[in-house]
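Chain lettering (A, B, C, D, E, F and G) follows the sequence in which the chains are written, and residue indices restart at 1 in each chain.
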Amino acid sequence: MEHALAALCGVFFTVSIYMLLSRSLIRMLLGITILGNGVNLMIFTVGRLTREVPPIVPDGLVQPATDIANPLPQALILTAIVIGFALFSFLLVLTYRAYEELDADNTDTMRLAEPENPPSPPLSY
Amino acid sequence: MSPEQFLDFAIAVALGLLSLAMLLVTWRIMRGPSLPDRILALDMLVNIGIGYIVIVAIKTGFMLYLDIAISLGLIGFLATIAFARFVLQRWRIRTTNHSQPNNPEGEG
Amino acid sequence: MIFFIMTATLALIWTAISGSFSLANLLLGAIIGLIAMWVIRERVSHPGLSKRLLKIVSLALLFLYELLISSIRVAILVLSPRLDKRLQPGIIAFPLTAKSDEEITLLANLITLTPGTLSVDVSEDRKFIYVHAIAVPDREALIADIANGFERKIIEVFE
Amino acid sequence: MNTVIFRTIAPYLVALMMVFSVFVLLRGHNEPGGGFIGGLIAASALAMYGIASGVSAVRKAIVFHPLSVAGFGVLLASLAGFASLFAEVPFLMGLWATITLPDGTEVAISTPLFFDIGVYLVVLGVLATVALALEEDDRSL
Amino acid sequence: MASDQDFSLLLTALAPFLAAFVAPLVVRFVGRYAGWVLGIVPAAIFIYLAGLTGFVSDVRPLAAAYPWADGFEFSFYLDGLSLVFGLLISGIGTFIVIYSGGYLAGHPHLGRFMSFILMFMGSMMGLVMSDSVITLFVFWELTSITSFLLIGFDHARQASRRAAMQALVITGGGGLALLAGLILLGYTAGSWNVSDMLNAPGLFEGDAAGLYLPILLLVLAGAFTKSAQVPFHFWLPNAMEAPTPVSAYLHSATMVKAGVYLLARLHPVLGDTVEWNTILPVFGGVTLLTGSILALRQTDMKQMLAYTTMGSLGMLVMLIGVGTEAAMLGAILFLIAHSFYKGGLFMIVGTLDHETGTRDITRLSGLFSKMPVSGVSAILAAVAMAGFLFTVGFYGKEEIYKIITSGNPMDVLVVLVAIVGNALMLVVGVAIAVKPFFGPAIETPLSPHEGPPSLIVGSLILGILGIGGGLMVVEFGDYFAIPAAQAMLGETIEGHLHSLLDFAYLNWALLTLSAITWGLGLFVFFFLDQTRALLRRVAEVWRWGPDQGFDQAMFGLLRGSARVTHFLHHGRLELYLILIFVLLAAATIGPLYGPPILADLAAFFTGTESQALYPLMWFGLSELTFYEWAIILIALLGLLAVVIGRTRLVAIVSLGIQGFAVALIFMLFGAPDLSFTQFMVETLSVVILALVMTRLHLDQRDSRVLEEVVRDGGIAVLAGLGMTMAILSVLSHPLDLRLSEFFEQTSVAVAHGHNIVNVILVDYRALDTLGEISVVMTAGIAILALIRIRTGGPKLGIGVPKKAGTGGSSRKSASARKSASTRSKSRAKSGKATA
Amino acid sequence: MAETAGYNIDLPPAMIEGATAIADWTLVWPVALPLFGAAVLLMARKHPHVQAPLALAVIAAVIASCVTLMLRIADTGPVAMTMGNWLPPFGISFTADMLSALFAVTSSVLALVVLLFAQSEIEPREVRYGFHQFLLLLLAGINGSFLTGDLFNLYVWFEVMLIASFGLLVIGGRRIQLDGAVKYGFLNFIGTTIFLMAVGLLYGTLGTLNMADIAVNASRADPTTLTAIAALFLLGFGIKAAAFPVNAWLPASYHTPDPAVSALFAGLLTKVGVYALIRVLVALLPAMRIELDMVIAILAIGTLLLAPLGALAETNLRRALGFIVIGGIGAMFAGIAMSVTTSSGNALAGEGGGIGGAAVYAVHSMMTMTAFYLTAGLVERMTGTTDTRYMGGLYGANAPVSILFIVLAFSASGLPPFLGFWPKLTLVRAGLDAAEYWLVAALLVNAFLTTIACARLWSHIFWRNGREADQTEQPNDRLKPLSARALRWGLAPTIVLVLAIVGLGLWPSALIEYGRLAGVGITAPDAYIEAVGLAGGAQ
Amino acid sequence: MTALMSYIAGVLVLIGAVFTLIAAIGILRLPDLYTRMHAASKAGTLGAGLLMVSLAFYAFDASVVLRAMAGVLFLLLTAPVSAHLLARAAYTAGYKPAEITSINELDPKAKSND
């Protein structure tokens, strides 16, 4: 099971990187989302998979009766999802503002901070 | 067939049907052609997902999945209205800007 | 009144979803329901639908029946091999008798849930609901169907 | 989204979702759910309220600025951690107390609960902030 | 060691710095007399050191050490060599401080100047008295820093700034090499203290032998740059842009001699090797000849002096390179003499410049009657410079020429070079003493008269000292020169300096060589104008030199920097990202598959059989059920839909598919909380996207052309493959589950929670969650700031100018106004609707 | 449970027993107080006048706590405090050794200075929209990163820091800020994501997240896998630390926000990346670090040589300073690269080695570059431009600023007796001891080029009377004197900071001793592991 | 749990799944947005609702039954609203019904700009 998911993670990474390399901020944001999903899946996978048994101790028991899914990666992923979501929201709004102010569909044209033809250093003392 | 066997059979068949349904709907999302078509298909995908979760709940006997299904119903609804709003707002902005002719089909 | 009923309903729903019918849980549900209602206090302003329980039930039964029947109808339509021949979609303006927001909303939703019809819009003067129907062999029959079915029962509920 | 149908039904849905969100929050310690998901649902409810009835209605409804709510959430979560200070145990240690209600039900009050409520409030506050600000911004344009 | 002496040594080194701090205040309060007041400090040091003369030369060196940092000491050491340098620095320094007060009287930045020059003095004092090589280095670099500030003192002129930069670059660069050399030396010697190194015989025997040459070259790099040896000499003449007191001080008595000091100091440690005896004389000799020849080309008297200074430094380096007893004694005598006359001559030239408005030797004539004291001083200095009988310089010259007696052909060459060099420098000295003061009086920019006491007292006394030292040469030698030379040589030297009047010791052969020197010098002096003209014609043909080379190197460096920087920092985000992802692929594939691939390559080239099979793991595909496969298929379709989505809008809607599939995968593998959260977050993301995106242009297609698609796709596939490999590699070993087992055991029993994931979040790892909600809260604040700062609030704060070049502020405020009004309108509308 | 090597889980030993000393809370306050304070400030967002004083009080308390912690560590070695009921490796523990404490102290002090400086330029709306909250949250993130003893928790604090820095970066709302923020945002986000990937894979390999536990167990895992993971850490932290060649985000963004914010970023953010790299690669995965030695050395040399070229080429003052910051990162990387080679055993070789040098360098770089950016802010305010070609004439116009600038220029160049000299000395010394001659050469060339770059800045901005762009030596008539507000809140704190830099340069022994302790603690983490309570598990 | 409940649950599961699949097929086959909506908001809702009901039968436990009922209620409340909003938005924004649409009484008064 893990191996198939490992390959799936690879596809997630591939697609997210391909999206991130497009010069459009919106596509890059989609890449960010997919990247986050890929990482989460990856953590999930390397924490090993257990089919269908959630890490919840049934009522009345003190310890789970059967093998359960590994809870720790799940907790880590939850944290990562939330953080990723917060950052995604920020980047989204940033993109929105960048569109408004910089009118940039193409990151290559967003050159306010790093001008296209930067002045040469003065050849004097 | 014992009740358990029947239930297992029904679950297996239902999972197959739902999987097929999801693939079909996914195909519609990819095909479009218009934005509302995709939104509709996405909404449908969420509905199928609800069913899928419920079946998994039956299959595994963990009733806690039901709550996920319920929440998904509520939240999927929100996504759809947000998209609907998006369709409307975009049209408004375009028509108030008068910059380009309204050609919703062209945008996929 | 509606405030109280809603709160009570929410409290009951709370106990239902939380799966415990203890007094404490009901109280907790009531408190949470109250808070939730308080959040939407500005928007809930219509007087009671208290004594109409029977009519509501009858409306619900009608709806379930219609839902099932027309679902099957749509299913058959969808699965029929000569789909394009059997389709006769159209948008009709359904003249409203119902007046209040609640009535209109309920009617529109029921129309939507009933297979074969779909409320697209309500006219600005609230005189029409525009209904998209998947097959409109007879416009008048369709209008009569809705007016004598859902609309009548709804008006009864709300009167 | 100024439609009779939506405007009419939205408040009820909002109330339902709020209740549901608290439900998800409180049962999180034992079943799937918890502060984050609860907060998301509650924020979704407010977002929907905003779409249906306008931002000002939501602002009026929740009285406090949503960001202050978020701040209170972090405050509450850290206070849940600082409670350890008085018990002379390490930061963020779970402390439990059981209260018996008049009808005999035992209710467990714990710092993890307050911690989770803090999470709930943060998520609720921030998402509401974002949704309302964007909605407002959009209308202004 | 007496502790009071400890402290006084420290104070000796640091007093100038303390004075430097109060110098601006002193200048403010006493104005034109500041030089006299501040001169007290170096004078006191001089007196203190003079008092130690007998003690140090007869009894033993003084030392003082204070712990500084990490095994380094702030340590001082005063022996004969240090003492000579210390006396020169403080003594000449006294005159310079006094001179500066007069020279720059009324200058608005006199305070700064005094401060700098006192700091410089302190740095030099510290340098020559340091014991620890680290202390030495600190003061060494301090001299570079202070001289940078002094050379650039006349900062409004580009030439000054250029000269300062040159000095800093050359001496600073050399200093860095020196640092490495000194540390290596310390490691070799096992001590940071020079005094220990001097007492450690056979440092470079055995293991350390290989380190000798690197250390020598690094130290020489420091010394040669500081002491302006060819080809690092050019900064020295250019440094004449500095005010004349600076030239007099830095470029006569002190800073340039720091390198000589260092060589002299380390000669016992590093000297007496073939390398030392070859490199130093060669560089020194070339520098001597170059400097003395180039001096003749100049008409600016400061330039003439600067080039002869360079020549003198060459002479000193050459002598230290020879390293015999005679050479060392000659070197120290020459050094002392040089300090006297060169300091004096600079001050005289400065006075001439100050009083006449020019220092071009061809434009000055017949000033003796108007400036008699300066004239006398000049003659005294010139006599000393020529090494005429009874001067210190004479005895130094004699010692130098004594080298020839060793019979070594190399030494013969050295003496020949020394003769030529001496002769040519003599020309300059005589020229400066004769040409301006004698002959017909001519018009000068200012009407000349004798300078004030502060300007003339120093040169006069130095001139007298140059003669006086020679008259009392035996005592002079015993007290100063021989102890210093002993320190340089590392061996005891019998006193063998004898007065010229002591005929028993008169060496006629050496005297003849002196006579040849004088003769040659006077010959050239009479043909000075012709010589100068000839040299200038040569210079017209041979334009290129290290000075121009400096500009070319500097500007080349700048142009190159610009090219490199703009190449690396091009401002194109996607190229930055490409780099990161290529590295991501490399980071995974490299360690995992690099070794086997390399082994295979090696096998291929060596013709042996391939050893490594790529450990690609076989997938356990059959383990999944059909409905799990369906979900994976949906995820893949969703990803495909995002990639092929023709417009961004389509891609956004398609994004939901893969998120949905991931949530279902989580659910299928026992992670309801994850599934729950993933559904919610995915949906909320879409909602926010929909809220934000109504105003964005989403119809554009992916603008990539085919090559870019192939390039990006290739990189993406490689990186994805690499990550898959990494995951598989991780999966190929069993996982230690003890943490999770612990959680399972304690979740209910101790933490009172059945949902282990939630218990982890709020209890076991609550701190993560606390951080997480902080992130969420912060994101909320940041997003609100992003949205609002544009639309609301006053434009500017309390009188704060926002930086220029941001542009668009008027545009922004206009849009802000517009949006504010529309917002209030829409508020009114929605209010109506809700009413 | 039988196969969980070496661990036998009995419930009581895995849990905390007994009371926690109040002193242990010194580990918690540097993180908890700013979080708490930020929350309070957020709730008080309608009261702008309380924001700065409250933030000031919080940071002062944080400094007190950090200093107490550092002194305690200097005295008794690393300190650990476990969060909640759970002993490591089960719960999260905050663990501080000298490296952590040294960095935390420096960061907190600098945050205070920047807070004061910000009062000279901040707009009311920036206060209203969270400037002080961001500042506190940034500090919480930074201190959390330094003090945590758990790898995933480190990721969380990285993110706190990142999002707070986003807030600070965009808070002025200028267009150039948005452009800078986009590059900063995407590149840094990807950097932290790579870090997260590495954490995930490391968990999948070792089954633990506690740093001490990782250090104990690392040798049991498959070295090839761990090397790949270490390479991912190197990449992620390399981006964060702005090492060549993945440093593009820094010059693209650091010059865009307010100078106070630039200063804070320049001083602190990249050093967290360096810290994490040292912690993870040197202390936790030393064997993998040896595998990657060559790579780190190449990165170090590349950064050392290329960064000052950027400083030479730039005409934007703060951008030029950004390149100098990067050059310092190269020096720290050089220290990391050196730490692997065993010392020659020479008695004079410092004990702390390359890591000690890197630690001291980091402290120097934090202080010097923060002060440098603040001074640049004053310069920009007086000249009204960011372009060095349009500056000029400040030498005559403002003596205090001139002195600040020249001192910082020399300190940044590493010239004695300023602070920058000592770490350079330590690094060169360690490099020569370890026979890493290429690294030493690169360090020296870097110092050489940086000196030129700084001297050129000085020459054009201060010495030159006229504006270079006008090709004139006529005095620059566009200079504006500093306002009273700028003098009180801008100049004064900067002067205090520079005085501290000068003082540390003259009396560096304590700092270098602490650096030595930090280096020793990292290269021989036994005390660290013991403080966490895992010493028994060491192989 | 009785055998009967299992059979009922199994049947309901099958019916619900079939309805869902039919809805999906409808989405694929029907010619325009508005007709597709009929499939989605009816058959889809019915399918999901039936599956929830089957769960209620399967578990046959008060808390699960009530929750399942609540879930169905949510579905019934939300489905028509989202369908209405989407249809209205699409129509307003000018997405035309398919050619075969026989009558369109919304058209003359339409707010669309053609």
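Throughout what follows, contacts are C-beta pairs under 8 Å (C-beta built on N, C-alpha and C of every residue); 3 or more make two chains touch, one makes a residue touch a chain.
All values reported here derive from a predicted model rather than from experimental measurement.
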Touch-network distance, chain E to chain G, counted in steps: 2
Partner chains shared by chain C and chain D (touch criterion as defined above): G
Chain whose mean Cα position lies farthest from chain B: E
Chain pair showing more contacts of the two, B-D and C-G: C-G
From chain C, the most remote chain by mean C-alpha position: E
Central chain of the complex, centres being mean CA coordinates: F
Separation of chain B from chain E, taking each centre as the mean of its C-alpha atoms, in whole Å: 67
For chain A paired with chain D, centre-to-centre distance based on mean C-alpha positions, whole Å: 25
For chain D paired with chain G, centre-to-centre distance based on mean C-alpha positions, whole Å: 30
Centre distance in Å when chain F and chain G are each reduced to the mean of their C-alpha atoms: 56
Two or more partner chains touched - positions in chain E: 158, 161, 165, 558, 561-562, 566, 569, 571, 573, 577, 584, 668, 672-673, 675-677, 680-681, 683-684, 687-688, 691-695, 698, 723, 727, 730-731, 735, 737, 739, 743, 745, 749, 751, 754-755, 757, 761, 763-770, 772, 774-779, 781-784, 786-788, 790, 808, 834
In chain F, residues with contacts to at least two other chains: 35, 38-39, 42, 83-85, 152, 156, 159, 163, 166, 170, 175-176, 182-183, 186, 190, 197, 201, 204-205, 251-252, 312-314, 387, 456, 459
Touching two or more other chains - residue numbers and ranges from chain B: 15, 18, 20, 22, 27, 39, 56, 62, 64, 67-68, 70-71, 74-78, 81-85, 88-90, 93
Chains touching one another, given as label pairs in label order: A-B, A-D, A-E, A-F, B-D, B-E, B-G, C-D, C-G, D-E, D-F, D-G, E-F
Interface residues, chain D side, partner chain B - complex: 1, 6, 13, 16-17, 20, 24, 31-33, 37, 40-41, 44, 47-48, 51, 138, 141
Of all residues in chain E, those that touch chain D in their complex: 672-673, 675-677, 680-681, 683-684, 687-688, 691-692, 694-695, 751-755, 757-759, 761-763, 766-767, 769-770, 773-774, 776-777, 779-781, 783-784, 787-788, 791, 819-820, 822-823, 826-827, 830-831, 833-834
Interface residues, chain F side, partner chain A - complex: 152, 155-156, 159, 162-163, 166, 170, 175-176, 178-183, 185-186, 189-190, 193, 196-197, 199-201, 203-205, 251-253, 255-256, 312-315, 387-389, 456, 459-460, 468-469
Interface residues, chain D side, partner chain F - complex: 65, 67-68, 70-75, 78, 81-82, 84-85, 88-94
For the chain B and chain E complex, residues of the former touching the latter: 15-16, 18-20, 22-23, 26-27, 29-30, 32, 35, 38-39, 42, 45-46, 49, 52-53, 56, 62, 64-65, 67-68, 71-72, 75-76, 78-79, 82-83, 85-86, 89-90, 93, 106-108
